[in-house]
Each structure stands twice: as structure tokens, then as C-alpha cells.
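As C-alpha cells, here come the structures.
One chain, chain A, appears in both complexes that follow, with chain B as partner in the first and chain C in the second.
Let's look at the complex of A and B:
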């Protein structure tokens, strides 16, 4: 068999292995947001419907079909992005997502990248000076950072930069170009970095310290290679896998809490504020789309990240 | 003392011991505060209007009053009890479910039962936490315990993973096989031989879940889908977000310092607990949910 075919088979098998996961996440989101959610027939009929009206409307909407049939139609709707209309404004949910997702991405991406890179640099520094004064300072600060709630950070930054100093706007999202973008994104970025850097530094440091015990790292140190060379060439490579996995897993945890908290608090028209308003008003089509799609996207992302890690690892056996 | 010598001195454990003790005293102080609330000794009038709007700190109102004229200190103390209720309930339920699921999966590792538990765990881990909470709150139509249930559903998986790995490791030690050969039933093996050897793991997990639950409560209450009909630090911070725009900071300072103190103290204790009881599984620890 040629290596190309073998690789293809490996990828196909890996992707197929994620099907139970996709089945699980869609089943749970269907059960929670559609099956147990409010009956749309009531909403469509208005006040005081008769039992016959209700039954007719339920039949029309397919509410009387068995569970698995409704689950199948839910899957079809997710797959074709036929997500219906919002209850609040009647806008197509697909259009709503297309309008708000880019805002959330622009809001969170700088903080996510900066938080990860800074944490990695701090962790390398701490791991190199292990048990020294600087290491203790960095690990101590990261425990303090971990104990600060995202909510505390957001309000504190709002108080300091928005109310006291008045340097940056803390409400709304009037972005027309690079300058106004920087103006609006600074506080969210700072908040995101502060919220994530403690957890990240601590985790990265633990991984790096572990990787530094490897024999070839000790040899490289003995030969007098520069710290940067050793860290990047030998140590980081030794623990790249858990670090990448960790970064992928921190995307939904941090991005969703960040998007929900900052967009609702600062009135930024992103996906988090839409979700927040949908929770308060009980807007079922929006919640169904957000929960279902993000669960599927994340399940796929985890599988792909795992696949990439394995493919990047020269020790991998494709069998 | 030379510098080289000083480096070899075990001054780090000594430092940590002191931090341990301070953390322990802080946690006990919080617990005493919560006990007083449960026994009705203090902070009973947290919901009543006892002063003017935004009164400054005084002998009567130690941390001043909020927008409505309610005493901020009483509210922060009453919220301590709420935090313990949520933290303890979620931690105990999560480690019971996670411990049992993990022990069963580990004992029958490789079997369809193990596969089923792993699939459930993987599925729940793949649904972003806050969306799972939102979906559960939505399905339960805003039931007051929806948040607690959602946290338990989300948090048992970490314990299950750690306990499963540990169970497989213990299983290789031989005495499980001996018990099996001696005719013990799987139930007896799990409850008599496995779980007693996992107490330290469960204890560490309980402290980690406790912290995670308190932090998640603050985010959810701040968003308006958490604590209802009671007072919590998250609800106080939601008020504080409005207050600071009017230049009032006492609500924010009180809620965030109370929250920060408890989370930091319990996190430090969890760390020390892990160092003492189980240094080997440090790398397995939950990295937390923000």
C-alpha cells in the first residue's frame, strides 16, 4: 500500500471515531433545547387555544412525531444550517449568526493569542529558573490570577479605565477602522489576558518542568546551549502535545464565558450578547442553534487537533 | 551561610507550611461566618432596607449600604453561606457520581460499560460548560436548582477520569485480583477495596470542584441565570457593575474581596493537599473552568 492511501485511511478512521462524540453532543443539545424546551405550538397559537387547535398545530410542526424522528430532523436542520427565525425580531438565525460571529471573533482573538503567548513565555522563564525567586514569584502570581473571577476583572477594568481614567470606551462597539477597533478592543483584551494567564502559566510551567527532566535536555544544558535554544528546540517540542490540546480545550471555556460576560456587560453586539438575550427571553431557535452548532464545531475541532498532533509526531504509527 | 548552601536548605516547605496555616484559618473564618448565617446569629436582615441609599461606611453599616439602602456587609456575609451551600452540594454530588462512575469504568476497563461511561464523559466534556448550563436552565424552565444540577452534570467528569486512571493503577497491585479470586463480588471489591484507596483522590477533587462551583456561580448569577431568591457574591457583583458607573465602589470591593479570599484560600489548601497526599498525580489535576 502506498503511504498516501495509508495516511488517508488513518485520517478516515480517526474522523469516523469522532461520530459517537457528535452523536452524543447533538443528542444532549436536542434533548435539552428542543425536546424539553417550550412547545412552539403554544407560542404560534396565541391566547387560549382549544385542544383541537393545539393538536392540529403540533401535527403541522411535527411535534407529534416520535423522539428519534424529531432528532433526525433536528440533525438535518443543523447540517443544512436551516435554523429558523428568532422569536424576538423574526430575523433568520443564520443571518443573525453571520452578523454577530465576526464581532465576537474580533473581540476575543487578540486577548486569546496574547494570553496564550504571554503565558508560554512566563512559563518558560519560570521553568528555566525552577525553584528560584522568579519562579516562586510567577507561580505565586498565577495562583492569585486563578483566584480572580472573570467578573471581578471586568468590573475592575471598567472602573479603572472607563470611569476613573476615561481612556477607553466601556460600552458599545463602534468600529469603523483600525483606530476605533484598537480603542474598543483594548479593555476586553486586557480582561481576557488577565483571566486566562494564571491558569495557562501554571499548566504550561508544569508541562515544561516535566519535559526539562529529559536526558537530552540535560545533555544540551551541559554542552552550554543557550536557554532560548534549549527551551524552543528541545523542551517545548517534548511537551507540545499536551500544550496544544490544552489550548484547543481552553477555546470554548474562555471564549464562551468571555463573550457572554463582556458582550452582555459592555453591550457589544456579538454572539455572546445574542445568547444572553435569548436566555433571558427564552428564545428557543437561537439557543438551539448556538448550543447545537458550538457543540458540533467543538467536537470536530477536538478531533482535528488530535489528528494534527498525531500526524505531526514522527513517532506515529499509522497502522 | 553561603549562597550555595542556602539553596539546598528546605526553606520552601517551611514557607508553604505557613501559607497553609493562614489559608486554613481563613477557610475556618469563612465557615464560621456561614454557620452564623445558618443558625440565624447574624446577617439575617440582609434583604431589609436599613439605611439611606449608598450610605458611607459607619459603625452601623461597616461597609456602607447599596443602591436600595441594604447593608453591604450583611449581604456579603449572608452570601458566604450561599457560596458554601453551592460549593459543598456540587462538590459532594460530583465526587460521589464521578467516583462511582470512575471506579466502575476502571474496574471493568475495556468492557462496554467502560466504553459507555467514557462516551458520556467525552460528550459532556465536548459541550462548552456555560452552554450546557444555559441549555439545562432552559430545559428546566428556570428552576431554582437548575444551576446546581448543571454544575454536577458538568463537574463529575474530571473526578471520573482521575478515579478511573487510579483504579486501573490500583488494579495492577494484585490485591484486587486476590479479592476477585477469593470470590468477592464486583460491588464488594469496588466499595471495600477500591474506594477506600481512593479517598485522597476524592478529597483533592472535592476541593477543586468546590472552587470551580463557587467561581461558576459568580459568573452565572452575574448573567442572571444563577442564584435566585437569595443573595450571592455574583448577584452583588451584578449590582456593583451598575454602581461603579455612579462612582460607588463598596459593593464591588466587598463582594470581590470576600470571593477572592475564599477562592484563594481553598485553592492554596487544595495545592498543599495534593502535594502531601498525592504528589504523583499532580499532572492529572483539573486545570479549572473559567
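Let's look at the complex of A and C:
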């Protein structure tokens, strides 16, 4: 079997195996939303409704239909990407996602990339100087970073760079091109990096320290190879699999969930804020679209992670 | 090419792009005002504009027949799309309203030639009629239901907009006639609400469900951009209401001297080229954004009150804030209160007279045990106005001489009432206290429970039930599942009838009477008062109704919160978020920064 066909078969098999996962996630979330979630009918009625108004609104929202009929209709909509309209504003859910997903991605991607790269570099320094001063300093700073509340970091950065120095806007997202993008994304990126770097550094350091105890690394050191060579060629490669898995598994959250805290505090019209509002108001079309897409993207991410792991370590079989 | 060169080239490229990006324009700088509000409007369809956030936008995108005068307090109605105030027949049953001429809808692809056409009386009829189509999902149908002759038959026949409603029709292109089933003096107020704004049928049909995000109106502004964080409105070139007459708007040279509005007298409005409304739900972000100059106004978050105030009674801002900003302390047109579920026989109405009396005593004891001043100091910075009943101080019908003992914290009296009616920790019913799941609401519950414990009502007699959302909380109230709940009520018009309807029997849950109060005498007097025009007789009836609620201990209350507003000195305006408003935005101007 050629590698191309093997790959194609693997992807097909993996995605097919994800179908029960997607089915399960959508069924559970749909059940929870319908039976335990907020009832939009009450929130959508005026201040003085009658029982007849309530019944009419419930009919209008399709709440009078049997559960399985509603679930089947939802799956059909998800499969055809006809996600309907939001209950609150009437906007097409597809348009809403197309409008907010890129914003969340553009907001979080720089912080994610920068935070990961910086954490990896710091972890490499700490691991190389294990138990030394530099290691203790980096580990200590990581613990402080992990202890800081994300909200406090956001407020402090807004006060320093937005109010005192006046270098960047405190909030908003009026992006017309690269300059305005940098203007609006800088503080959120800094906040994201500061909030995530502690966790990432600790995680990467633990992986790297473990990998450094391997025989082939000691052999390389004994040969007198340079630290950069040892770190990049031997240590990093040795612990690439958990790092890849962690990074790739973070992407669905980055792409779909957004960051509620960031989007709320910086008033950014991303998917996190929209999802949160939908949860509060019980806007089922939006909620179910986000949950359904999250399940699909997660299934794809699992497949991609497996493929990347195979690329990183050819010993892994695409089974 | 080395990495350094590539990086330099990339940076240089970005700088060039950035330099080209600046959205410049020739001619004068547009006059822009950036207004911050603390919530997000879900929809811009007038039929859904039942809260202050949607209303703020809708009344600036659409026209209502009437509006409130900019500076007059107490609030006074003024014609808006109407050319004058309504002509009401002697018996109060026929209202004739004439429209201004040459008012046009904004240009939009929904119209056949994409040019906005003239607003006619038929548009008013259509806009009100669509509230009764279930597909509209209206939040305002209750305002006119059972009030307009023949409306119910028209609804039963399918609410077809092509069929005439017997009691609501266009007499000609500029005359709307209402024929009512009974006098409804509040009708004019309902026609000042955003819910009654006039929409073109073409746009509703063209956009369907998406009409909520694609508004087409005849108001002072048109929508340029709308998302979850802001709306950008631009001046509507078709809008022409002449010049601002400050005297007619209630300008008082002494009271409004500081605002610098005089220069606007006789000028054509709206004064803004661009109005940005920012939805900033996080209080800290709102404050920081104001201090950084990114928005022009702020409703001061509670945690900043100590910083901006020099004294609380009377309310005075610090000299620093007075110097730097315009300041205003505005009592809300509404109130917060606790309610009992009178449909629950363990605490409310009971067919057995003896038990009914004991239940009343228990409710009154709970009311006596509660400490409003403590609530005010803990959660409202001590700035709220505590008053008995449900007629808040800003209304004409408010009775300053009304006995205030019902709002006093009197634990002794509470204990005495419980003892007199044989209530002991063993016989007390277990009550369910409903709350929205938030730290704030949980703290309020704990405060409430502590005050009850102090008079001998054990903690286990009060059980909290938290709800994830306002919709769930409303559902529980609508289903009569709660015994006690804390709620707010925002007045949509400045008439005590709007507050007293909370206790009108036919409005019982899921209607506005969340208390399920049922008192035939109250209902009879309410119906009588509701038909009367403003005057001494009506005021006397309102006050009597208010006393009945206090005597029956149906609620614990009430308190009107005070809102602190700051705005930058270059903004010439008097902000007002009450009466589901936003009308003032058409009169805002931006001057030179001092």
C-alpha cells in the first residue's frame, strides 16, 4: 500500500470513528440545553404576557414539537450547515459565526503562538540549567504567573498601557488593517502571554527534564555537542509528541470557544462573548451551532494531532 | 536574503501599509460622540425593544409618534412623528393623530428603487398591527391588547395586515385613528415607547428574521455598523425636524446653566455626524475606557462611588471630578422590591380567614425584620431613595406624607407579630427564595436571611433556589414556584398606573403581577383609576391603591437607585437613560475640548 493511500485510509477511518463522538456530544448538549438550559420563551415575552402569549411563543420556538423531532432537525441543519437564525436578533447563525470566529482567532492567535514559543524557550533554559539559579528563577516566575488572576492582569495592562501611557486603546476592535490590528491586539496578546506562560513553561520544562535523562542525550553531551544542538536535535525531538498533542488540542478552543474574559474586558466582538450571551439567554440555534462545530473541529484536531505525531516519529503506525 | 533583512523588509512593509490605512477624509472632521451603555441590545427590531439597551438605539433609528421633552422634569410628552398632540374625543374613546409631512424612511435596498419613501399613516397602523402576528415575537403586544376595538377578532382571523383593524386605521395618508374599547389615557405614553416605532412593511418583508439587525427607519440616524460591542450610527440625511427650541424642551437657564446648551438653541439637529454607542458590560472596562477618553460618558460603577463623591447626603461630587467632568446624580425611574407569592397558601392568600390573617402577619413580620437602610448602604452605596409602596418619588402621585413605617427596620415589631399569631420556628413554613446565580444576588440572600434569623426565623426556613439566567428566574416566577423574590421594575411611562399594574388581579403570573395578588377591591379601583385623565381624583385613587398594597404586606419595599453620570466637558448634553429613553442623543453636540 502506498503511503498516500495509507494516509487517506487513516484519515477516513479516524473521521468515521469520530462520528459517534460527534453524535454523543450533540445529543448530550442538546438534551441538557432543552431540559436544563434557560427557557428563551420567558425572556422573549414582554412585561405582561398572558398564558396564551406564552403558549404562542413556545409554539413559535418549536418547543411544542417532540424531542427527537427537534434533535433530528438540529442534526439535519448541522449537516447541511443551515444553522438557522439566532433567537435574539434574528441574524443568520452562519453569518454570525463568519463574523465572530475570525475575530476570536485573530485576537487569540498571536498570544497563543507567542506564549507557546516563549514558554518553550524558557523551559529549555530551565531544563538545561536544572536545579540551578536560572531554573529556580524561571520556575518561580512561572508559579507567580500561574497565581495571578487573568482579570487582574487584564486590568493592570489596561491601566498601564491604555490609561497611564496612552499607547494602546483600552478596549474595542476597530481593525482596518495591520496597524490598527497591532494597536488593538497588543494588550490582549500581552495579557494572554502573561496568563498562559506560567502553565506552559512548567509543562514544557517537565517534559524536557524527563527527556534529558535519556541515554542518547547523555551520550550526545559526552560527545561534547553544543547545548543548542542537544536541545533541538535530541531533547526537543524526544518530547515532541506530548507538546504537539497539547498544542493541537488547544486549537479547537482557540478557534471556536474564543476567550470570554478577553472578549468581555476588551469589548471584542468574538465568538466567546456571543456564546456566553447565548448561554445566558438560552439562544439554542447559536449554542447548538457552537457545540456542534466544536465537536467537529475537535475530531479534526485529534486526526491532525495523530498525523503530526506520525510525522514527528515515523515509528508510530497509522493504525 | 538573510533573516534580518527579511524581517526589516516585513516591518517596512507593515509601516507603509499602516500609513496608507489611516481612514482620512477631506473637508471637516466629523462630529462624533461615543456613548457607553452597560448592556447589549439583542435586537434592533422595535417589536423587541422592551429594554433600555434596545430602546436607546431604536428611538434614534426610528420615529415614534411621541417622545419626551429633552429637559423637562417631570417628564412631558411632545409630538415627534406626530405633528401635534392627539385629538381625543369627549368620551376618551377616539384618538386622532396627525403625522408630520415629508418624513421619509432612510434609503435602503428594501425599497423598489432603493430610495426611502414617505412615512404614512398606514405605516403606523402596520407597525402596531405586526405586534399581534406570532411570527413577530413581539414584546409589546400587551400594551394594546383588549384596548383597540375589534382587535381580538382581527387577531383571531389571522392578523392579516391587508385586512383593516376596525379600531385602528389610516383615515388618510397623514391621519391615524384609534377607536378604543374604553378610555386609555396612557395610550400616548405607549406611543412614545420604542416598541411603537414606525417601520416600513417593505423592509420587514424583505429582511424577514434579519430585520432585527437591518433597521430601516426615519429617525435622526441610520445604522452603519452593529455588533456585540458597538453600534455606529450616522446622520440620516432625510431627517429634518427644524431647529432645536430649548425653551420648548424645558430648558431652565439656572438649572441647566453648567451644561452649555444655550449655543445650540435655534440650531438644526441632530448635531452629530456620527454616533457611536459602545456596549461595555464590564464596569471596570467602562470606567477605564472613560478615563482614557475612549468614550465620552460613563455611568459610574459602584466601586468608584467613593472616589467620585465628596458627600452622599446631599450627593456632591469631589471638586476634582466637578472640575474635570460634567456630573449628574439621577434617580432611576423605577425601583427594586421584594415580592411574596400570594398564590401560595403557606404565606399568601388563604380561604380560611384565620390562616389568612396569620399569613398576613408573617409577611408583615418579614417586612419589619428586613433592613432597607442596610441594603442601601451595602449594595447601593447609600445613595438609593427608600420609599413606602410602589409609587416612586419622581412621580406626581408620590405622597411625601405617607407613613414610612413599612420601610423601617423594626425587629421588635416583627417578633411581636410572629408571637401574636402563634408563629414559632416549628410552625413557620419553609419558604423558597429565588435568585439569579450571581455573587451579588447570593450576598443579598445572605443579608436577607441574617435579618430574618435575628427575629427568630431559622435559617432552614429560608431555602435559596438559584437560576442560571433571567429567563429561568422569570419562568419560575411565571410558574408560581417561588415564595419570595427580589426584582426590579423600570417605569416605561411616568404614571403610577405602570407600577400599580404589578398588583392587578388579571395580570397574575405569567403576567406582570408576579405576586399573584388578588383583591377585587384593588382591581375595581385600579380599573377606575386607569380610565381617568391626570388629576386629583386619579392621584387620590393611586394613593389609595398604594396604601392597600402596604396594608396587605404584599411586598417589601421599595428603593429607587441613584445613578451617577459623568461626561466629558466637550460633550454638550444632559444624558437620560430613564423612561426606556435615548431620545436625548439627537440633541448631543461635541464642542471644543476645554
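By our rule, the second predicted complex is superposed on the first by the 242 of 319 C-alpha atoms of A that agree within 3 Å, B and C clash if a C-alpha of one lies under 4 Å from a C-alpha of the other, contacts with A are read in each partner's own complex, and residues count from 1 in each chain.
Basically, contacts are C-beta pairs under 8 Å (C-beta built on N, C-alpha and C of every residue); 3 or more make two chains touch, one makes a residue touch a chain.
Model, not experiment: these values are computed from the prediction.
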| item | value |
| --- | --- |
| Contacts of A:158 with chain B and chain C, given as first, second, both or neither | both |
| Partner chain(s) touched by A:169 [first = chain B, second = chain C, both, neither] | second |
| First (chain B), second (chain C), both or neither touched by A:15 | neither |
| Partner chain(s) touched by A:57 [first = chain B, second = chain C, both, neither] | second |
| Which superposed partner A:265 touches (first chain B, second chain C, both, neither) | both |
| Which of chain B and chain C A:147 touches, first, second, both or neither | first |
| First, second, both or neither for A:302, with chain B first and chain C second | first |
| First (chain B), second (chain C), both or neither touched by A:206 | first |
| First (chain B), second (chain C), both or neither touched by A:177 | second |
| Doubly contacted chain A residues - partners chain C and chain B | 37-38, 155, 158-159, 163, 264-265, 279-280, 282 |
| Footprint of chain B on chain A - complex, ascending | 20-21, 24-25, 27-29, 31-33, 36-38, 131, 136, 143-144, 146-152, 154-156, 158-159, 163, 195-196, 199, 202-203, 206-207, 210, 246, 252-254, 256-257, 260-261, 264-265, 275-276, 279-280, 282, 284, 287, 290-291, 294-295, 298-299, 302 |
| Residues of chain A defined as touching chain C within the complex | 37-51, 53-54, 56-57, 59-60, 85, 88-92, 99-100, 155, 158-159, 162-163, 166, 169-173, 176-180, 182, 264-269, 273-274, 277, 279-282 |
| Residue ranges of chain B in contact with chain A within the complex | 12, 119-120, 122-124, 126-132, 134-141, 215, 218-219, 222-225, 234, 237, 240-241, 244-245, 247, 249, 252, 256, 259-260, 263-264, 267-268, 271, 282-283, 287-290 |
| Chain A-facing residues of chain C, complex | 14-15, 17-23, 40, 42-45, 48, 50, 134-135, 137-143, 145, 208-213, 227-230, 278-282, 284-285, 288-289, 291-292, 294, 468-472, 474-475, 478, 492, 501, 507, 510-512 |
